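Order of writing sets the chain letters: A, B, C and D. Residues in each chain are counted from 1.
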Amino acid sequence: MSALHLHDIPAKPSRRSAFIDLVSRRPEIITLAILLAICVAVSIINPAFLQPSSLVDIGRASVVMGLFALGVFIILAAGGIDVSFTAIAAFTMYSMTLLVKDHVPDMPIALVLLLAMAGGALLGVVNGLLVHHLRVPSLIVTIGTQYLFRGILLAFIGTVWIMSLPPQMGAFGRMPLFQFESGDGRTITLPFYFLVLPAAALLTWWILNRTLMGRAIFALGGNASVAERLGYSLKTIHIFLFAYAGALAGLAGIIHTAANRQANPFDLVGSEINVIAAVVLGGARITGGTGSVIGTLLGVLLIVVVNSVLVMVGIPSTWQRVVVGTFILLAAGFFVFCQKKNG
Amino acid sequence: MSHASHTPLPTGAQARPFLELRNIHKRFGGVHALRGVSFSIAAGEAYHLLGENGCGKSTVIKIMSGAHAPDEGEIVLEGRSFRALNPIQSLAAGIETVYQDLSLLPNLTVAENVALNEQLVASGGRLARLFDRARLKRTAEAALDVVGLPTAPAYLSTIVSDLPLAQRQLVAIARAIATRAKMVIMDEPTTSLTRREVDNLIAVVERLRSEGVAVLFVTHKLDECYRIGGHAIVFRDGQCVAQGPLADYSKHRLTELMTGRTIDSKRYRTGAPRAEELFAADGLSLPPSFANVSFSVRHGEILGITGLADSGRNELATAIAGVTPASVGRIRIDGKVERIGHPAHAIRLGIGYVPEDRLGEGLFLDKSIFENEIALVVSDLANAVGIVDKTKGRALAGKIAQDMHLNTRDIDLPVGALSGGNQQRVLIGRWLSINPRLLLLHGPTVGVDVGSKDTIYRLVQQLAEAGMGLVIISDDLPELLQNCDRILVMNAGSIVAEFDARATDEEQLYQAMLTSRSDLATEAAR
Amino acid sequence: QDKPVIATIVKISGIPWFDRMETGVKQFQKDNPDVVATQYGPATADAAQQLQIINDLVAKGVNGLAVVPMDPSVLEGTLKRAMDRGIIVVTHEADNQKNTHADVEAFDNADYGRALNKRLAECMGGKGKWTTFVGSVGSRTHMQWVGAGEENAKTHPDMVLVDKNNESFDDANGTYEKAKEILRKHPDIKGFQTSAGNDVLGVGRAIDEAGLSGKVCLVGTGLPNPSQDLLESGAITAIGFWDPQKAGMAMNAVAKSLIAGKKVEDGADLGVPGYEKVKVVKGPGEGVLIIGNGMVLADKANYKEYLF
Amino acid sequence: MRTTGGQLVMLVVINAALLAVGAMISGGTFLSPFNLQSMAGQLPEIGFLAIGVMLAMCAGNGGIDLSGIALANLSGVASAIIVASFLASTGNETVFSIAFIAVALVIGLVGGMFNGLLISRLNITPILCTLGTQMLFTGIAVVLSDGRAVAVGSPELLSAIGNGLFLGVPISFLVFIGAAGLVAALLKFTPFGLWLMLMGTNPKAATFAGFPKARVLIATYATSGLLAGLAGIIIAARNVNVKWDYGTSYLLIAILIAVMAGVRPEGGYGRVICVVMATIALQLMSSLLNFGGLSNFVRDFAWGALLLTFLAVGRYNLVGLLTPNKSEKLV
């Protein structure tokens, strides 16, 4: 039988212009625009910015924050917030380094990375179970677990900095992806571990867009009780989410250590708000259910670039906070301005 | 079409029922929502679950769909007995539900809302599966086509929260029929649909039945039930009080069964408006929603406004309420020109607006009846030093609760704990607290049962009697005919017709709603 | 339990520097069974947290406080309240502390900054661009050190200071990124003078990775153990430090004397290496400033003598 | 539905238990007047910030105030510099003190209003906005003070606020309780409070009901800023000097206190009295651990464990045992 058609329903419900529509659907375009504007401005102020080593430095500096941000993003997409990931990273990175150094000195690096991810995932599962069973917003739970994990690490596992890493970890941090000599005889290296970020981003994108779990994460972010009613297992989603973010954090921790050539258990904790800010600047709404992997990466780049051009454009130390703070406000304001147009 | 492959019905209707509920009980804290409910559903039949607000209709549906577990009783599904179902079990057995709140995922696309669940159910609820986008598209297109929504890629990828309410309702229905359902449950699916969309839906239901699908309807609109036909299941106070072919019950009898009393459906309007003009809109425009709208309301007059979902009537209403102010045009109140740029201006001028979406735009669900009732007058309740006189506030809220015949006297109860009809009364009551000169009621009885409707209509008449101007924006044409003096019909952002409510009927109104602007132009040319 | 109780409160517990200091406090306890000496410290580097610990210890009732202030100025009020209750207060790395009975310094801060810069200038051959790092612009001693360094560099007209006082927040990774940026902006830079303990590690790693070891000079505060690799590779020219273990012992020794009612005279021997013949001058407040001779500059040739 | 009455009872019980444990392990010293005074003197600065966080959370829509401690430091630093530029602290001490307090409060208020304006008028997400202003406020304090500590000195009135006792109770604690009481009254008895709490649960309904939403938001963040200014004054009064980087660890602790007090991050619910009790609980626990000579890392662990325990107790309705009559009505 032929269905009755309601011809007054347009294929597209809105009557906005194409550009505004695009911006509202892909807010990361705004992030990209801001990013490009900054790069152009900095290049004009100091042409020295325009050299390949800038790109390499920015790429390398983005890895750890980028991994964190991917984890924060998928939790944000599901309507939660995580602030415990830095504690998870510090916890796994330090415990793994201790383990390798004191007990299994010849563990292959691949296994080290896998174990760190497993450890991070395990702590993430703790988060996921708590969030699911306590039925309180994940911000609250993860504030608790941040204190808990960091407290356990520093009170019971150790505080002593490990200055000479197990050799395989040190080698991993130094292994070049490519290397070249700049005009003035300096070596510029893009480390091998840089590849981890695009790989993790690709995997995250794939999970979010090509698996049922990915859609379930957004469904949860859209409306948790509806998702539950439709048959999505909230427990599975919660556990997966936090385990995945935990695994990324564990990986980020090891990379941080390897790159830094030391395992400092005091590191990382305290940077979580910056990571969340990066994700939000990448177009994900703090209330959940939206955002994209590419936007998240752009948001991270934005924060990294802003932080790494301050000296380049000659801003004195005492003024740097004012400049960064003002920038965040301007960027956020611009973001809202662009998005409001589709009102 | 995708449903063509259904196994044909075993003829001889009294075969084993598809689903049977036996002595189901459900309690929520102190509320005993279902008290020993039993009924059975056969394939290919239509059922109408009728009852007043809060009698347990939605609850029994949630038990069938696996959203709630019963406290006692048994669910027999195709011969297998269950103590409780979970959503995946229910879906896998072919029970699809259109919930009263639609249960859409606002941040996902139309296609995902329609067709994603099909893949979830196919995987048995396991999430570690690939998501098949081609299949999603196919399933979504087929289902959208059936309910009469566009199937263009642009529409498929529209985010659901960008859709108007009526289309969202259709999307929810499309999801229910996207799978090879054996039973489709619809909890008040037509509340925000216009007449034409309802016609289409009825056609869809016919089709489902012909394919052997059982359909269970919940609605407060008895006329629709009769148009569809089938069986009636009547609830009162969490119990099933009657069951049988709809044809065996008159409308009057059904109402009596639901409410336990007699209510007649005559015209409520008996009074007449006064002569003086109270309110006038002069050339209001807010592109692209409506343009050059002019009308007036007299003291004591009840004006109806109707039109299709995107005729601009919603935006006109929110413009007068100051929520989305008109960009052009003037408003006069008692002859004085006023500007309404913010809801607070409207309130100061004595214009009240009861929104259609009472949960989203009206009520503070987690907060008490008391706080909800005094929300508009808190600053008036404050004394010189800025302290709110709570005693006065509580007295006011208590009086409103009484005037509105709320079924509870405990004004500290959260509004979320009330049934839909009582919630609506709380919302209307809130507006009465400012003694408005003009009250706009948008869908005042959406999802409200006959008993509550009666209460609300009587109230509306009383208010008009007292000289208040009222504007009812509604698709419920009988409601407008029963209550209004005049009815304006909007189409494509303009007022296209005006009727004297006494001298018109549903058919005329309906025709005017459908007439497109170009037809009008042709008519004018002639 | 009538033994006097001396509490040592450090800026932050668990980091190598103060773990080393704790060995000194423990040593002191072992050598002086007639007192009770323990070390405390906050979990985060925040003056407010340190202050809370001091408040609680004062309330608990200790006899002496040996404090390494996160921020001397912020502790003034609390230390004054402690002194008003008859508690002996000894500080370290706080030569501007007013409310203290004695401030113990391993050396004169200006001397130290000058010494670091002299070593840097020597390495740079007295010419070229150089820059400075501090933990944060709010760290007074760091600013004193780089300030004295700047003064010293004025004697070398060809040394050009660029983009000075970069903040490291004592975070090796952040310092590394910042050093990279400076190397990019000033490809011809020749020297770095750093202040916080981790700075040499961050800057050293940047120099090392750019293949500039030996071509760019780096002199700064650092600990021998963590700096080993970079000293060996030549990325770090020299590190300057004093031994926190000895400083911890010295502080406790001074506190013990003061509790016993004795005074520390100019030229006294605290019984701790580097503090055998201290200089005692009047401090900024009522108390005295006790200056030892504990400065150490170590390079590739001699760092092995000080491994901690 | 969660009852806030239960939360309060639970906090009171926790505080009593902590006091009892403290008395036991310290042989009574923990309950000595001096220690009680010392603890009471320590908690106002973080308490003010926690109330500020609570207010922002109540506004809903992701409301949070990360700029509290930065604004507190800016108030102290800027006020000290401004006032010292035309008054000497050694001159008329009372005039100096009053000027310092007034300027600090004004700066707190203005900073808070700035947050409120950005959030309500420009619609910037609160977490981004207050992160930005946190850096901006800190940055301004650094620029003004060139990164150095700024001396406020101890003029009489200020010194009394910082160190004085009234009937054996630290004046700073009385100021805290007084201000907390005012905020509580503001929330409970004024239109602002009612609007704020309703708006927090459903911002859209608030629009339709004609609430002055922007003004409520501005007032909320302004109050939070004013409290930050007060915190700045207390810090200055107690520490004699003010500095831009004081209390960086307070940021997360203030949020910890707020959630421990049962403030809902989704908005609409929060009680000042619970925040006060949670502040006291955290202070007691922290001092207790210092008394026991335990490492401060154990404290972090204990805070996390306490928070999670709280949540579990609330979730599994263990409080119901303590308040049988209250929590029956709502499911």
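The criterion applied here is as follows: a residue touches a chain if its C-beta (ideal position, glycine included) is under 8 Å from a C-beta of that chain, and two chains touch if they have at least 3 such contacts.
Because the structure is predicted, anything quoted here is derived from the model rather than measured.
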A-D or B-D, whichever has more C-beta pairs in contact: A-D
Whole-Å gap between the CA centroids of chain A and chain D: 30
Chain centre separation (chain A, chain B; CA means) in Å: 43
Inter-chain centre distance, chain B versus chain C - centres from mean C-alpha coordinates, in Å: 72
For chain A, residues contacting two or more additional chains: 154, 159, 317-318, 320
Where chain C touches two or more other chains, by residue: 13-14, 43-44, 137
In chain D, residues with contacts to at least two other chains: 142, 146-147, 295, 297, 299-300
Interchain pairs in contact, sorted by label: A-B, A-C, A-D, B-D, C-D
Touching residues on chain D, where the partner in the complex is chain A: 61-62, 66, 118, 122-125, 127-129, 131-140, 142-143, 146-147, 251-252, 255-256, 259, 264-266, 295, 297-305, 307-308, 311-312, 314-315
Chain A to chain D touching residues, read off their complex: 83, 130, 133-137, 139-141, 143-156, 159, 273-274, 276-277, 280-281, 285-287, 317-329, 332-333, 336-337, 340
Touch list for chain D against partner chain B, complex: 1, 189-191, 194-195, 197-198, 201-202, 204-205, 207-212, 268-269, 328-331
Residue ranges of chain B in contact with chain A within the complex: 1, 62, 65-67, 86-88, 91, 99, 101, 103-108, 112, 116-117, 119-121, 123, 125-131, 145-150, 152, 154-155, 158-159, 162-164, 167, 196-197, 199-200, 203-204, 207, 288, 308, 310
Residue ranges of chain A in contact with chain B within the complex: 1, 3-6, 8-15, 25, 209-216, 218-219, 221-223, 226-233, 236-237, 240, 289-290
